[in-house]
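Next come two complexes, and both contain subunit A; in the first it sits with subunit B, in the second with subunit C.
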Partner chain A sequence: MILCVAIVGQQNNPLYLQSFAGGDDVLKFHYIVHCSLDVFDEKASILRRTGTNLNDNFLGLLYPAEDYKVYGYMTNTRVKFVLVTSDLELKDLDIKTFFQRFHAAYIDVTSNPFHVPGKRIASPMFRDRVKTIVSSFGQL
Partner chain B sequence: MAPAKPGDAAFANVDHVNAELFTLTYGAMVRQLLTDFEDVEEVNKQLDTMGYNIGIRLIDDFLSKANVTRCSEFRETADVIAKIGFKMFLGVTATVSNWNADFTECSLVLDDNPLVDFVELPETCQGLYYCNVLCGVIRGALEMVSMRTEVKWARDMLRGDDAYELRLKLIEHVAEEYPYKDDD
Partner chain C sequence: MRAGSREVAESCLDGITMEMVATYCDRLHSSKPDLAARRIEAIGFQVGQQLAERYTRDRPRFTDHLEVIKFICKDFWAEVFKKQIDNLKTNHRGVFVLQDTRFRWLTRISVDSPLTPSEANNTTLAAAQAGGKYLYFPCGLIRGALTNLGVPCAVSAEIAALPACSFIIRIKV
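Up next is the complex of A and B:
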């Protein structure tokens, strides 16, 4: 089950966080997402040093914990997407597809002329769309 | 009654632009207007005026390319706008419906609206008619062919309605005036 998805901006500012776990776990997820940012930097710098061309935005598993796993995806504009899941056995392909759809939704919401880039995303339409993507996760 | 086909031909005849570029350009313009005027009502008015100025220029382009004959009555005019006009400039068609008893007022229901892709109105702009420019265009264009009209949005999906509907109302036919007299 997907517990939470989040978007973090270029300056590591939180843009969006949606929790699916129920209860008031939002703070905990903010914490988890925050922790994952270091891993993002680390992975990105390794890729830069080895000269690997990052054609693929998907960064894979960022770090595992006892009862959840954190996956990451970074766009070429260095906006980071984070997925926290409680499923411990997931196929990379599923997650990749999920991130691609999530990315597409993000592109659409930033194309809204009333959205200010770098500001928090507060669109109800986007929230619903993310919910749909999350609920159809792994069924494709 | 104009069949759908002339609209397709007219659409193929004109230059096309990338839909996203168009949508984003329009969005940026509306946003800038909101910043400049800071008042939603004023922005609605500005959009209408801009549309009017577009319309009075666009009509000549339309008439020269669309290959339409003179409309004998207002009903035909509405059909031409819906089936050929919209198709030629926006790539969509509209449906004409809801005529009043003496055929001076009708609704144009847009099948699709390329101006509003991605758009979501924030709460501070609830009174905004985002596509008000279209009203101005139609009003301006019809005025150049001696019809005074009033065009308003009746339903707007951005404001929570279930369709995009323009209400088109004919006020009067203006007689064509010549600058000289016959016996001069």
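Up next is the complex of A and C:
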């Protein structure tokens, strides 16, 4: 089950966080996402050194913990997407597809002329779309 | 073009870019040309940021500045203007000159033909001045795209003879 998805901006500023775990643990997820940012930097710089063809947007598993796993995806514009899941057996391809759809939704919401770049995303339509993407995860 | 993507007639886009210049330069800020230029550039900047996000969706991350500039010259230009940049020059110290011999947004612009040979020189000058206003937006567009891709820079434009023009990109270190 997907516990939480989040978007972090270029300056590591939180842009969006949505929890699916139920209950009041948004703060915990903010903490998890914040912890993953160092791994983002590390992975991106390693990939840059080792070669160009490995510079994929999908960064794979960032770090595992006892009861959840954190996956990451970084775009060309250094916007970071984070997925926290409680499933321990997941196919990389599924996660990659999920991130691509999530990214597409993000592109559409930021193309709104009333959206201010670098500000938190508050669009209810975006929230619904993310919900749909999350609920259809793994069923493709 | 993706299936199901929505399209807009090019004449509408031409119309809106020209009307934007007319609104800001002649009506809203007619006494302050610098302010009008900044306003139009800011609009271009935001659009450039959005387009950069969209057009780089399915490509691996860029490793250096030259790759980003090449992306602007080839793919970005092809998406926005349906052609590639004709000539790219650089001094290898952070300055790039992008030459377009037929810039799409200048092809519909013309100046009055000279009445006497002595006015012919003034015409090229007038063309540069009149066309210059229409390049604030594309300058902002390029700067927005580059900034969003991690290349902070300043962009200016020059018109030699319509519809050719060149964009000068200075990367901030």
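Structural remarks
Criterion: the second predicted complex is superposed on the first by the 136 of 140 C-alpha atoms of A that agree within 3 Å, B and C clash if a C-alpha of one lies under 4 Å from a C-alpha of the other, contacts with A are read in each partner's own complex, and residues count from 1 in each chain.
FYI, contacts are C-beta pairs under 8 Å (C-beta built on N, C-alpha and C of every residue); 3 or more make two chains touch, one makes a residue touch a chain.
Quick caveat, the model's predicted, so the values are computed rather than measured.
In the superposition on chain A, A:Ser123 makes contact with subunit B only, not with subunit C.
When the two complexes are overlaid, the chain among subunit B and subunit C that reaches more residues of subunit A is C.
In the superposed model, A:Ala44 lies in contact with subunit C only, and not with subunit B. Of the two partner chains placed by the overlay, neither subunit B nor subunit C lies in contact with A:Thr97. Once chain A of one complex is fitted onto chain A of the other, the partner contacts of A:Ser111 extend to both subunit B and subunit C. Of the two partner chains placed by the overlay, neither subunit B nor subunit C lies in contact with A:Gln18. In the superposition on chain A, subunit A positions 111, 113 are in contact with subunit B in one complex as well as with subunit C in the other.
Only residues 20, 23-24, 27-28, 30-31, 117-122, 125 of subunit B touch subunit A when the two sit together in their complex. Contact residues of subunit A toward subunit C in the complex are 10, 44, 47-48, 52-53, 55-57, 74-79, 100, 103-104, 106-107, 110-111, 113, 117. Partner subunit A is touched in their complex by these residues of subunit C: 46, 49-50, 52-54, 56-57, 59-63, 148-150. Across the interface of their complex, subunit B is touched by residues 108-109, 111-114, 123-125 of subunit A.
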